[in-house]
Amino acid sequence: MSAPALTRRVIASAPVVALVGALGLTTLVMLVVGVDPTLAYPALVRGAVLDGNLEYTIAAFVPTLGMALAFALPLRAGEFNLGGDGQLAMGGVTAAALALLVPLPPGVAVVLPLAAGAVAGGLVAVVAAPLSTRLGIPAIVSTLLISAPAVSLASYLVRFPLAEPNTGIAQTPPLPEAAHLPALGGSGYLTIGLPLIAVLTALWLYADGRTVLGYEIRATGQNREFARYGGVKVDRVAALALAGGGAFAGLAGALIVLGPPHRFVDGALTAPGYTFTAVAAVLLASARPVVVPLTVALLTFLQVGGQGMEREAGVPSQLTQIVQGLIIVIVAVLATLRARRPR
Amino acid sequence: MFEWSFLAGVLTATAPVLLAALGGLLCQVAGVFNIALEGQLLWGAFVAVVVSDLTGSAWTGVVGAVAATVLFSALLSGPSVALRADPIVVAVGLNLLALGLTAFLMRQIFGSGGTYSSPDLAGLPDLGELGVDVPVLRDQSPLVPVALLLVVVMAAWLTRTRSGLRLRAVGQHLDAAQAVGLRVSGYRHGVTLVAGALCGLAGAQLSLGNVTLFSEGMSAGRGWIAVVAVMLSGVRPYRLLLACLLFGVAEAFGFRLQGAGLPQQAADAAPYVITLAALVLAAVARRRRRSYEHA
Amino acid sequence: GGENASEAEAPPAKSIILITPNPVGTNSFLQLGVKGAEAAAKELGASFKLYESKDPTSIAQNVDAAVRAKPTVIVGISFSFDDVFNTVPKANPDQQFLQVDSCAKGQAPNLACVSFKEHEAAYLAGVEAGLLSKSGQIGVVAALDTPFIHRWIEPFFAGATSVKPDAEGTPLYVGGSNPFSDPARAKSQAQTLTGRGVDLIAAAASGGNPGVFEAVAASGGKAFGVDVNQCALSPGNVVDNVLKHVDVAENAAIKEIFGGKTGGVKVYGLAEGGVGVNALDDDLASSGCTVAASPDVVAKVKQTRDDIVAGKITVADPLQS
Amino acid sequence: MYAAELVGVTKRFGPVLANDGIDLAVARGEVHAVVGENGAGKSTLMSILYGLHRPDAGEVRRDGNRIVLRSPTDAIRHGLGMVHQRFRLFPGLTVAENIVIGAEPVRNGRLDRAAANEAVAALSERYGLRADPSALVGGLPVGVRQRVEILRALYRDAEVLILDEPTAVLTPGETDRLFEVLRTVAATGVSILLVTHKLSEVLAVGDRVTVLRQGRVTGRFTASETDADELVNAMIGRSLTPPVPRRARPPVGDPLLEVRDLTVRDADGVARLSEVSFAVRPGEIVGLAGVAGSGQRELVDSVTGLRGAVPGVFLAGTPVLAGRDPRVAYVPEDRHGRATAPEMSVAENVLMGAQRDLASRWTLPRARVRARARDLVDRFSISAASVDTPIGALSGGNAQKAVLARELTRPSTVVVAEEPTQGVDVGVRERVHALLRTARDEGAAILLQSSELSELRDLADRILVLYEGRVIAEFPGDATETELGRAMTGATG
């Protein structure tokens, strides 16, 4: 493809059109309520990437990408995993418990809690599989319903058995030094979490497109009866996809807990809303897995930048949520317009 | 340990969920999977408070909420019915939009985030003040009996009337409905907008009936519970009522659990655990029943 | 502000940045924090900026942004800053910090702390509840079951049993997905309590408090407010409030830092006048609180306050157990 | 004057010219058959007449007057009715509700159920189309559902009734009954347009025949004055090669597929198959006949392993494997539901089942997947834009060829084929039959289930008749359709 043709395709691609459309509408909202866009947008950009804020954007990018995989992987098998919060919290609390209660040698002290967090998240998610395949309760509902008690359980564990004594807040004591995620460079926020999640994302992309399992997952998602007829063990594949998704969520939880401030603070995992930002990012990528990291980056940028915009320009950061909502609606519309255009 | 206050608590917890779920049910009947109830509920609650605060009249607030939420639901019906966009994706976007928009506008209009309440804000009257002297209803807003009445109305409408029949037909088989000359998208637009109106009522009940204030994210998952109730109902209004009551009982029961010394987290989890258990039991029973029918 | 127009070209050398752990909204505690810092800024001729955090993650981000802005002092409210203020002040020894309502563990010399003995005030409210309760059943509706919130619960019950030994206390927590501003759930919790015969409820549910007031209004019971005078929010239904004069204490601490006195911990209890109840105030009559109608209760409260100040009564701090 | 006319109708879908200046006229009370290959444009033409598509050029006339059809509603108003191949019925509504919907009797603002039931009963009586007005449609057999569709059109006063491949889903008995009904209906003055692939039907029930090929009319015949050869010539531009004479030599060797005392119960414990026993030897085609619901689906699912490891099924002497036994090639009847994933590419569809063989360890090289698909597309002359096109975009016949390509190239010695030529034109049908014969000649054991008795007679060495889960009769391959038809209704001896 020639360079101009490529440029044209990028410009006309759904995420770009949606972003432009949403920004247009948002600017309109700003003007209506009397916010100066020429102050707000630069503040947004500064808040996300300049003034040393980039490390926060990256720090938020890592768990959001993890949660995006947690949603995208089961989605390929046709299962909606909306229970990311519960998987995230259980992954986090499991990692914290292991790091606190079991003395481990350096290296292992990081790897084992991460692995345990992934397993815990996977276990929480996989419960939805038999409910869906045996009892016909859609995963979109069961994962959501299981998520709330899982968050409560994590919260209970942090509040009572794992609680730090004599403090006002429900949190675990700080994790031992050995369990801290190794930092990259000077900043405490830029940890090996970033390369780790990048490698896992690449692995997933590869598995999705170029492996037998990826093929079987996609076939299951496209037409379950077809896959079953073809000899794919669809119940197992669906369970595997959900478990895999849950494992990514659990890992994301563990990464948050092992990163600064190196402890499980009740609510700190779920309050930033990684789960639904991730869902939005995946939907935004409209089922093209390669695009997922980009859409995650875009939404994280908006979210973190929104804080800066609020600090500097006094524009409530919720404005960025409006942008996100609009982007998703516009992408959904574009997807159908594209499908209906004659091939 | 039966008490009137327990029953009243159940009704209070049930009412907004039920109103939103009725909207969801209507959409489901017509084959529109509406998971934007959460956002619409929140938006309705917000507009109700804004209008009531501006006009000093709770009923104007209710009307405003209904109108504004109908408009909001047009953002669902437009893309998903007219342009055939995936309703699930659109709804996810709208839920986010509602969250951002209410929090943003709240700061613009009331000058602060968090919670807004004020003596100027008129709440819905209690039925007691209107002369109703039934123990469970005395402290409820007039929208509570309205919600219960709507269940009866909707059940009758769906089974007894021409438009009810056509609506069910649209939901069962889109192409077939088109083939017999029904204006399919008209019905689907219609139910989505009516669902918006019902969510507006639900929101008003939440912010002007259950309490008299607005706080960020105050829908707090009630719209999702409504979605689950719709799934549990098998699109039958009376079963929907049961499902919503189940949730109300579970929530009220959770509060009692705390009183009995269980941790707060157990109370938080109770409604979800009970609802999930109900879903599982219903699914198992459905399997059983099928085997009896064949035997 | 408009009065600083002349300073517009040269930004004021003196400035205050206040960071909250949550959106301020109608959270009366945070509102007090803002009020105190704003007042100090005005009196000192300093500029004032407010950074509202959304969640624990954004706190660190806001603190870093504040450090980059290099104000005279960075104020953080609540225990949510314990972790950040444990490290950031040490890394920025030239920057002054103030933590209100808690104190980070390894306190750096450039971190000043102000904290409160809210349990002493809660005890006084408990005394009022014990004297006023007819059923002998009292309760608390609190936002979340966190250790800190217990400072309002156990002392409240202890105060009540000190005057009515068979008084029974039940705490309920709002919980759910929005614990600090879910008035609907708070109201349901309060109704659960009133349904069991509880006639006096202390509200410690932040944004949920109005829900508690609505519930007691309907049941004929009464409630206690928190942090500020909330009697006017629901006239005739609020007995008294567990006050915490965050604004006053914060204002004083900021002025000290501006005056060059950095670091240190200041604890405000009944003795220092940093906490209290409206019954102790001179303007009780105009406060709208119903306790004003019971002079004997007011007298007993004053007596108890004096005993606490004098050390004759020690109120146990649940956080130290 | 004609009841309905299509004059110079042209319709384009992107590059495809589906209808190219077609003229078609139907007289009052006439049964007019429309035949043609897959993709010839029959459904498109009928859709235009029913207001589902708008023509790019040309016009529609009713009783000589030009009419404009923007939607089915317009068509209904002009006395047109259509019965679609895939039924357009509401499973959760009753027969009466399904029939009256769109023109419901109403009293006092309420739906008048009694009036609806009465009207339906009267209509059933008049045309001899029996159906219980208050039964739920979801539980009815296919034949009855089709009656409901026809009743619906008649209830709406259709004077021109369009049926698109109405017999594709019917058993021979049901087909006969349908034709009786069509004659009765036509006798009342209703004109009938009948789209079908089955030439015997055209000759049996049609008055006149119009043949389409590549969007144009290539022949107009009077049914009584033509024969199948002439029609086929018009349809595909050549004659069919005469069927290969049946081999006299009986198949030899140990059975590759053996079913012994197979009893299958559904989830509720009801027997769907009872003590079924038979064997298929290498080089043999065994036909399976029976009215719908006689246990064919259960038998096929048992033999392929999709029902789990049921006791009593043996492949080359060893029990069948649960899940899907890779030793069986299986061509399912449900093309979009089971045989393909319509939105996946042709390459990924023909890959199914071979993915593990093509992989080296975990990876599945795309180049290898595509190359294999291209090879199959060539060998089975599947016409597809590329192997990356979604298979759902292929015509029915080409999709079916792709399924056969996938299954017949499996390293399997047992082949199960379910309605392998349903909805495909005579050309494709001929090709499918040739492929099955070749497989047989190469030593495969083939189990062929078909509701088309002529197909069974053409191919099978023996025909088993299933009735209520039992094999109640076995016939030689040249049994008459009358014999078979009787057995299928349970009449033994």
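Every chain is named by a letter (A, B, C and D) in the order it is written, and numbering of its residues begins at 1.
We take it that contacts are C-beta pairs under 8 Å (C-beta built on N, C-alpha and C of every residue); 3 or more make two chains touch, one makes a residue touch a chain.
Only a predicted model underlies this, so the values are computations on that prediction, with no experimental measurement involved.
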item	value
A-B against B-D, pair bridged by the larger set of C-beta contacts	A-B
Farthest chain relative to chain A (centres taken as mean CA coordinates)	D
Chain A and chain B: spacing of chain centres that average the CA atoms, whole Å	28
Inter-centroid spacing, chain D versus chain C (mean Cα positions, whole Å)	76
Distance between the centres, which are taken as Cα means, of chain D and chain B, whole angstrom	45
Intercentroid distance (Cα basis), chain D paired with chain A, Å	46
Junction residues of chain B, two or more chains touched	113, 221, 263, 265, 268, 287
Chain D, residues touching no fewer than two other chains	none
Per-residue multi-chain contacts in chain C, two or more chains	52, 144-145, 177
Each pair of chains that touches, named by its two labels	A-B, A-C, A-D, B-C, B-D
Residues of chain B defined as touching chain C within the complex	3-6, 8-9, 12-13, 112-117, 119, 126, 139, 206, 210-213, 215-218, 220-221, 251-252, 255-256, 258-259, 263-265, 267-268
Complex contacts: residues of chain B adjacent to chain A	35, 75, 79-80, 83-86, 88-90, 92-101, 103-105, 107-108, 113, 221, 224, 227-228, 231, 263, 265-266, 268-269, 272-273, 275-276, 279-280, 283-284, 287
In the complex, chain C residues that touch chain A	49, 51-52, 54-58, 60-62, 64-65, 68, 78-80, 82-84, 102, 144-148, 177, 319-320
Residue numbers on chain B that touch chain D, as the complex places them	160-162, 164-166, 168-169, 172-173, 175-183, 287, 290-291, 293-295
Partner chain B, residues of chain A touching it in the complex	29, 33, 80, 131, 135-138, 140-142, 144-146, 148-149, 152-153, 155-156, 159-160, 276, 279-280, 283, 316, 318-329, 331-333, 335-337, 340
